[in-house]
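Consider the two complexes below, in which chain A is the common component and chain B and chain C are the respective partners.
Presenting the complex of A and B:
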C-alpha cells in the first residue's frame, strides 16, 4: 500500500487546471507528475492511499476533474480500475464532499476521449 | 223482668275498648218490652259481651304485637343503623384513602402531562427555530456565493486585479464548503417535513453549484468571462433559495 499525501507531497494550495498557465499546483501537474507515477508503481492488488485533507483547505472542480478524471480521459486507465486502486482518505468530514466529487468525475469521464499532448512521451 | 240495671245505660260507650254499646232505659222495658223480647235482648247482650271480650282480647294481643313491632323494628333498625354506620364509616375511610390516592394520581398525571406537553412544545419550537436559523443562514451563504461568483465570472482574468480575484476564488471555495455543511444539517433536522423535491433540490445544490462555479477555467489565468455560467449560477441560486424559504415558513 502506497500513500500520496496531496498537502505534503504536492501542494497545500492545489488550484487551476493546466500547467500552462496555472503552474505546478494545477490538476494537470498533479496528474502527470504525481498520480500517474504513483498508480503505475503499484503492485497487482495494491492500493494507493490518497490523503486529501492534510494541510489543504479546499479544492476547485477544475483541479479535481483534470487531476483525477484526466487519468481516464487521456486513456491512462479505465475508470473502474482506477477506482479499485484508489483509497481516498480524510479526517475532516467536510472532505467527504470532495471524495464524492472525485469518484463522480472518474465515473463520468470517457475513457481515452482526448489525446493528451505529452501522451507519447510517458 | 230481671234485667240487670247495670245494663241500662243510654248513649254510653266504652271508650277504653273503643266499642259502642246499645243502652236502653229501664222505663222503656217496663212499658214497651215483653218477655220474649227480653230473652232476645238478653241473648244479644250476652253475645255482644262475648264479642266485646273477644275483641278486647284481640285488641290487647294486637296492642302487644303492635308494641312489639316497633321494638323489633327499632332493634332491627338499630342493628342495621349500626351496621350501616360502621359500613359507612369504613367505606368512608376506604373511600377517603382511595380518593386521596386517586387525587394524588390525577395530580401526578396532570403534572406529567403538562410536563410532556411543555417538553414537546418547546422541543418543536426549538426545532422550528433551528430550522429557521439554519435555513436563513443557508440563504445568506447562497446570496454571498451568488454575488461573489457572478462578479468573478462576469469579468475575465485580469492580472492587475489578481489579488481581488484570488480573494474571490478563496471565498467561493470556502462558501461552497459551508453551504454543503449547512445543507446537510438542514436536511438532517428537518428531514421528516421536507418534500421529495425540496430534499432533492437542497441535496443536489452543493455539488451542482460546485461544478458550475469552480468548473471550466476556474483559478486559471486563461479564464474568460462567461455570461452563460453566470446565468446558470444565478438560476441555481434563486431556485434553491425559494425552496429553502418554503421550508423555513412552514
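Presenting the complex of A and C:
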C-alpha cells in the first residue's frame, strides 16, 4: 500500500485546471507529476491511499476533473481500474463531498478521448 | 551582383526610413479614428444619462464631477448604483482624449449615506483602475463624507489605494462611531493567487470570532471563481493589459443581524460574453441584441445557462462544472443566497429552511465584469 498525501506532498492550495495559466498547484501538475507516477509504481493488487484533507481547504471541480479524470481522458488507465487502485481517505466529514466528486468525474470521463499534451489548453 | 555605391546605399536607406515612417503614420491615423469613435460614444452616453438618472456636474472645459447617490446597493438600487459606476468607467477608460471629450475630475461622496459591501468593492476596484491609469494621482477628501461611509471604506482598505499618511487613515476610523458592520480589507489577486483565500478566512475568523461552518464549500467556490478569471475573464483577443487582470475579494459581518457576506469581483468581459450562443433561442437573442431590452434578456439567459448547463466558452464536455461549485456553500448550509451579477444579468440562488429558489433578472445598466456575492446568517 502506497500513500499520496496531497496537502503534504503536492500543495495545500490545489486549484485550477492547467499548469498554464493556473500554475504548479493545478490538476494537470498533480496528475502528471504525482498521481500518474504513483499509480504506475503500484504492484499488482496494491492500492494507492490518497489523503485529501491534510492541510487542504478545498478542491474546485476544475482541479478534480483534470487531476483525477484526466488519467482516463488521456488514456493512461481505464476508469474501473483507476477506481480499484484508489483508496481516498479523509477525517473531515465535509471532504466526503470531494471523494464523491472524484468518483463521479472518473466514471464520467471518456477513455482516451484526448491527446496529451493538448495543443491549446484554453 | 553589383556592389552598391555609397550614394545608392544612402538613397536606399532614406527610402527605407521613409517607408517605415509612412506605415507608422497610417497606423497612428487608424488608432486616432478608433479613439475618436470611442470618446464620441462616451460623450453621447454621458449626454443621454445626464439628468436622466445620472447625477453629474459638467464644469468648464468639459470636466465632469460625478455625485454618488445616497444609497448604493446592487440588491435594492441596482440601476442607479451601476449607472454611476459605469459613468466612472466611461469617463476614464481612454487616455489622451481631445478637449472636446468629457473628462472625469472628481467623484463626490458627499450624498452617499449607505453602501453595500459589494458596491463598495466594485466602486473601489473602479477607482483603483482609474488611479492606476493616471499613475496614482488621486487623493480622497473626506471632509464632507458621512462618518459611517468613511469607516466602511477605511476598513475595506480604500484609503490604502492612495498616498495617504498612516496617521491620517487612523483619524478616519477613530472619528467614527461603531456601525455594527465589520469589513475585511479587500484582497487583490491575480490568476494563480488561490492561496490568498486563506487571508480572507483568517480575517473573517477574526471579525466573527469563530470558525465558519462549511467553509470548505465557500473556499471551493472561490477556487473556481479564480480559475474562471484565469481562463475566461480576460481573453487575449480583448487586449487587456497585465495590470488590469485582477480579481478583488472582501467580506463583511453585521453583528446586529449576524449576516456574513463574501464578495468576489473581476473586471473582465463578463460570463455572458465569454459563452458561445449555441442554443437556437440564445442565437435568436444574439441577432436582436442591438435592442437594449433583448440584450438585457440575452445576458440573463446566458448567465443561467452558464450556471446550470455545464456550458463554457471551450465547449469541452468535461468543463463548465465550476460555476456550480459556487452554489455549494449555500446548499450545504441550507440557508442564505448566492448572487452572480455579470454584465446586464443576475442569477440568484437562495435557500430558506432547506428549500431552494432560483431567479434571474435583466437590467438596463451593466456591471463591468462579474460580481459574486455569498450571504449567510451565522447562528
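In this text, the second predicted complex is superposed on the first by the 117 of 122 C-alpha atoms of A that agree within 3 Å, B and C clash if a C-alpha of one lies under 4 Å from a C-alpha of the other, contacts with A are read in each partner's own complex, and residues count from 1 in each chain.
Rule of thumb we're sticking to: a contact is a pair of C-beta atoms (placed from the backbone, for glycine too) under 8 Å apart; a residue touches a chain by one contact, two chains touch by 3 or more.
Bear in mind the structure is a predicted one, so any value in this text is a computation, not a measurement.
Enquirer: Applying the document's definition of touching, compare chain B and chain C: which contacts more of chain A?
Expert: C
Enquirer: According to the stated criteria, A:61 is in contact with first (chain B), second (chain C), both, or neither; which is it?
Expert: both
Enquirer: Going by the contact rule set out at the top, does A:109 touch chain B (first), chain C (second), both, or neither?
Expert: In the superposed model, A:109 contacts chain C only, not chain B.
Enquirer: After lining up the shared chain so the two structures overlap, which partner does A:73 touch, if you call chain B first and chain C second: first, second, both or neither?
Expert: second
Enquirer: Which partner chains sit in contact with A:15 here, chain B, chain C, both or neither? Use first/second/both/neither.
Expert: In the superposition, A:15 contacts both chain B and chain C.
Enquirer: In the overlaid three-chain picture, which partner chain does A:100 touch, first (chain B) or second (chain C), both, or neither?
Expert: Only chain B; A:100 stays clear of chain C.
Enquirer: Once the complexes are superposed, what residues of chain A are shared between the chain B interface and the chain C interface?
Expert: Correct list for chain A: 15-17, 21-22, 57-63, 65, 94, 97.
Enquirer: So in the complex, which bits of chain A are touching chain C?
Expert: Residues 12-13, 15-17, 21-23, 25, 57-63, 65, 69, 73, 92, 94-95, 97, 105, 108-110, 122 of chain A touch chain C in their complex.
Enquirer: Using the touch definition from the top, list the residues of chain B that touch chain A in their complex.
Expert: Residue positions touching the partner: 169, 173-174, 176-177, 180-181, 206-207, 210-211, 213-222.
Enquirer: If you look only at chain C, which of its residues touch chain A in the complex?
Expert: 191-192, 194-195, 197-198, 201, 214-217, 219-221, 223-224, 226-227, 230-231, 314, 317-319, 321-322, 324-325, 328, 332
Enquirer: Quick one: which bits of chain A touch chain B in the complex? Just the residue numbers, please.
Expert: Those residues of chain A that touch chain B are 15-18, 21-22, 57-63, 65, 94, 97, 100-101, 104.
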